[in-house]
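Okay, so chain A shows up in both of these, paired with chain B first and chain C after.
Right, the complex of A and B next:
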């Protein structure tokens, strides 16, 4: 194929080409998409293969495996192990606990919750960060001081510990903001907690970039033409932030999912009847001796998803900004904090 | 220096005030439920709820309620009601276990993190560097709630060479203390080993390009002397700052999860028990004491950093 001169291609198509050349990142993008398909297929598997829902209990039932009757939960309370297709897909990965719920169905539905919470929280944090970063970087002065100080304060909090207490206080008492009321079991509670505490990770680099961009000639030109502050911020500066936002959003999803898993594992995140990979680990750890897969499977799913997102994020960063060393350092620092999901944030 | 310390102290007090205000708002103001009911627990009698309401003065103005809360928390009058024990007593009981876990893990991650980072920087680009980079990336990617169950299953349940957790006080039996802590230490350290080795490696590679390193080589120092005296020493400062911050963050983060999985009777496990029973006083206490400890620690780290590296405090003064 003849290579066209790069001047004729837009920066986005060049970035796409660079990304596609990064085999590792493309492979892990595939992994992430497979995970998304896996969790989206939850109702199909539940209705047509497992014939049970994520919260349906089968405490005293028996299933037929290769013409043989087996207890889903033995009288001693031991759940059945993985049956694969032995029972036509029922209890593919076994039962989850003495309640006898289908582990495979729960893994798929739990993944929905984990991804939903992770993506929504990352989206909220990103939107909030864009608004705060634009305001602080554009108006400077006291607006910038106020926003920067607030972000610094959140940054220096032990966010996991505070998030944990938020999670449990609101799960016990529900949330009453005057204009909106949330019950204790609402998924919005962990989403709000995670997004508020992770805003600084993305708002700080955005603010820095807005500060730099607003010195540029095209911004001065727009102001000289009489553009309003809103117009300058959203139509002049915002499009130039796109690559940073895309990279950080990807990394934020990973970070939010780790945060959610940590909170949910301790019981301060997703509340019953919802379940997530984090809450499934709590159940699994109790049965570690007899059915180790119950704790390890959801943990491995979290790790795979987070790893995939981090590698895709790295690939996007290299593709969108091959020479932006400063931004790469900021992203690395971010991963350090996010690793705390692993190391510092949780 | 005095100015720098003063600024940091003001910053610290602001953050501490913010933390206490956040905790107050979240526990007392935002929830729909009556806060006295939340504090008393699920199975509380109306009589107990009534008495808590009076003790905490929930009919008074919000600023007054805030002051009452702070007074109770810091005079040991924050009480868990089932059974009735001051939260501060339980937190103090948990200190030896939590610190055995976190300090031991920190020593391990610092030692191995720096060792791997140094080896990989010295051999940058070689096969050893590639293997070590792979190992550290794998380490960074494993969350504690996956690593801990795997370690317990392999070493405690299958091979039966190490206990599956619990905590034995050092004063009772030092050998058992050590044996019971090995798996939790590894769990907590693996992630940071991976991360520290990468940070040290990239710092060292940056420093290697500095003029003074070329000068050191030019004046005939051996490669080992250049690496340890000039490159390593100058690469360590940022790592040490990072360590101070991470140590606090670990206590208030992954250590809680590790304590729960390994049933170590530390402060984190105490808070997690409160979460499980929907009991608020322990969580409120641990959040406040923990946050105060971490913020204090961070301030000390900042001051030490400024003392070690004058550029920090001078930069601060110049920009202000």
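Right, the complex of A and C next:
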């Protein structure tokens, strides 16, 4: 007979139990962790198996495959295909282009870049969204109007196209704001573009939740006890947003990775010679007819990672907040009512 | 899309008319755009890999731009509508004849053909030539150094106040007299370039790429969307006026054309194969080169050898490349064999400025590939600044060529920042003096005319360093070299001059402002609807629009 959650168990423990019961989410968490291990192992593979770096070119070199000498790139410009372990792990997945770089090594390093951009951009977007959501939802009035309208404006923009324009412009000239200077090839450029343009996707639901939470008795009690707005926001309301934030953060990693792949594919994200899965697809597409794996592999890695993160995110939402949908609906309804009354409707 | 006539009867009529035209024409099939074997009319749907730098004859200085405008803006002189070496012959354009050169090579006298009109109906006047020269200089065109030997042109370039006293024109008689400061052996060739094609005097002095000025050629550009494409129609005044005044100039077979920029060369090849487009201006991508060659050579594909040099430039006025030893080390570190593979065999390795096919070319190899030696030289030079920016454009395989240079420089110990720019504006950006960090990068050069001066003066003479539209990316400004370039440029080309150019080629390569790596093979690739044999690839202007015809 299944036991009811005991009163002693904390909410995090209960959430963990609920998450572990979701076999699909657990399986895909495993897949995601495997991907993380795969990309973290890049230097090991590069140094001890492939004996080459991600950007090292081998255009005119030959390798010995099962005792036979083969060109890494033929005089007609065709890169070598997957050699698996025929060349002791060198060019395991073949060469990436006419530059003769090791595809496996670039896939692993490219994954590091994609994950780094995805996670950092999601983290920045989440932090910004929390701050903006708390300020808008707690203070309401003109602060709310200003933040909500700004978020609306960003939301109403063709985000990808604008990100693309910024990406291209900054990739050439870099970014110099006086206090911060980024070169055109800096990874921070796609990270900043992605995080700024994805803030509304988290900030708006958070604002809705804050609007609902700030009406709760425990918040009123804190205010009555003389707690400052900062203290109320960050010590009373913020902990109650944890489940929402965690779920959105997970999903935002996936979204940011897709955003990065799109930008990089169009030349506005990660800049060559650095690899990301997006840039690798760009390179692979040109050789699609003769070496289809060059485009398919990074594409498959993006798909698998995004799928895993989405399923894990769904699993976390179910585990952390089983009534999440109902609460989210309530939060949005509350936000709409507040907007109708206070001029902050979305 | 191609216009299809009513069946059989029209085809027969068209064939009869075409045969008639062919029998009446004076030119041979190999040199005329109207070979007469196919259908008259139709719309050519072509595709470019990138939008030309400009669609304005005064400032465009790329193969794309010149091909796009070759049969639109006719200079006083032009180049013969022919393939290969024959196409390097200068022939009269809007002028009645080749110039009469007097006064020890300093005075050029030409006469405008009577009755010429622009596509908007404005009569073409002799003074329009002076206006075109002045407009080009006012726009800081990359071609302006060719014309600064005209009396008063240097001053005009500084003050931008005209008229240039060295150009005297008579609108009544059509006479144009150009006085030069000193003799210039290449001036006849330079009068055949589009930079100085006459334009109406009310043409705005600004980049008109979005709204190209009226034409004098058989076609006019009716619509231009920079970055996307442009369209041609027949010039209404060609049949009425210019065609009659220039009977030797091909009138063209197609009625109209539409050019679309498709940035994915794979798609371009697919579109040609499927007949969605009938011609691609750029060559097939390296990844499809072997396949296209094997399947279509002789029927839809033809390799076109060019007189060109592909090279990496190094900014000789800034550390670390202001150090000769560093530049020489880079030359030793470039493996032309690797670049041959990167270009999938469409590059033939060379290590000098003048390419094969250019008078004065003699093969030499000053910097055999030796990476260890290069590293040692860098160590000895011990450059003060190891942080450099490497530039290239997005078009394949130039992007990979740039990546190759980037890795070579990293191998030599530099900290590189790699910048890859859209091919539409690559040369505009790197040719602008205000662009920061112009340290090293990729470039190429195709002959403007068959004279070695064309590879030295615009690219390596100090006077060619311009604030915008600069072509001397290496910023080489060596007084002794400048003097030699100017002295040789003043003379008519002969065996003695060719010998001197050989020496100059070597002398400049000893200074190593560039790391040249090859000469390029381009191509003509058309759909099965187009008569491949009729298409002309001119060494100066590329594919002539007047030479396309449907089978």
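What we mean here is this: the second predicted complex is superposed on the first by the 320 of 346 C-alpha atoms of A that agree within 3 Å, B and C clash if a C-alpha of one lies under 4 Å from a C-alpha of the other, contacts with A are read in each partner's own complex, and residues count from 1 in each chain.
What we mean here is this: a residue touches a chain if its C-beta (ideal position, glycine included) is under 8 Å from a C-beta of that chain, and two chains touch if they have at least 3 such contacts.
Because the structure is predicted, anything quoted here is derived from the model rather than measured.
Asks: Looking at the overlay on chain A, is there a clash between chain B and chain C, or do the two fit?
Replies: On the shared chain A, the partners clash.
Asks: Using the touch definition from the top, say if A:73 reaches chain B (first), chain C (second), both or neither.
Replies: Once the two structures are laid over each other on A, A:73 reaches chain C alone.
Asks: Contacts for A:272 in the overlay, against chain B (first) and chain C (second): which applies, first, second, both or neither?
Replies: Only chain C; A:272 stays clear of chain B.
Asks: Of the two partners chain B and chain C, indicate the one touching more residues belonging to chain A.
Replies: The partner that reaches more residues of chain A in the superposed model: B.
Asks: Determine, under the contact definition given at the top, whether A:30 touches first (chain B), second (chain C), both, or neither.
Replies: Neither chain B nor chain C is touched by A:30.
Asks: Pick one for A:288: touches chain B only (first), chain C only (second), both, or neither.
Replies: After superposition on chain A, A:288 lies in contact with both partners, chain B and chain C.
Asks: Let me test your reading of the model: by the given contact rule, A:306 touches which partner, first (chain B), second (chain C), both or neither?
Replies: first
Asks: Looking at A:160, would you say it contacts chain B, chain C, both, or neither? Reply first, second, both or neither.
Replies: Once the two structures are laid over each other on A, A:160 reaches chain B alone.
Asks: Which partner does A:55 reach: the first (chain B), the second (chain C), both, or neither?
Replies: second
Asks: Looking at A:172 after the superposition, I want to know if it touches chain B, chain C, both of them or none. Which is it: first, second, both, neither?
Replies: In the superposed model, A:172 contacts both chain B and chain C.
Asks: Which of the stretches 4-12, 76-84 or 94-102 of chain B runs into chain C once the two complexes are superposed on chain A?
Replies: 76-84
Asks: Shared contact residues on chain A, chain B side and chain C side combined as an intersection?
Replies: Residues 168, 171-172, 267, 285, 288-289, which sit in both footprints.
Asks: Which residues of chain C touch chain A once you look at their complex with the stated criterion?
Replies: Within the complex, chain C contacts chain A at residues 264-266, 285-291, 335, 337-338, 340-345, 394, 396-397, 399-400, 403-404, 406-407, 410, 417-422, 429.
Asks: Residue numbers of chain A touching chain C in their complex, please.
Replies: So the residues of chain A in touch with chain C come to 55-57, 59-60, 73-78, 97-100, 168, 171-172, 183-185, 267, 271-273, 285-290.
Asks: For the complex, which residues does chain A have touching chain B?
Replies: Chain A residues touching chain B: 149, 153, 156-158, 160-162, 164-177, 181, 258, 261-262, 265-268, 278, 281, 284-285, 288-289, 292, 295-296, 299-300, 302-303, 306-307, 310, 332, 335-336, 339-346.
Asks: So in the complex, which bits of chain B are touching chain A?
Replies: 14-15, 18-19, 22-23, 26-27, 30-33, 35, 38, 140-146, 149-150, 152-153, 157, 191-192, 195, 199, 202, 242, 245-246, 248-254, 256-257, 260-261, 271-272, 274-276, 278, 280, 283-284, 286-287, 290-291, 294-295, 298
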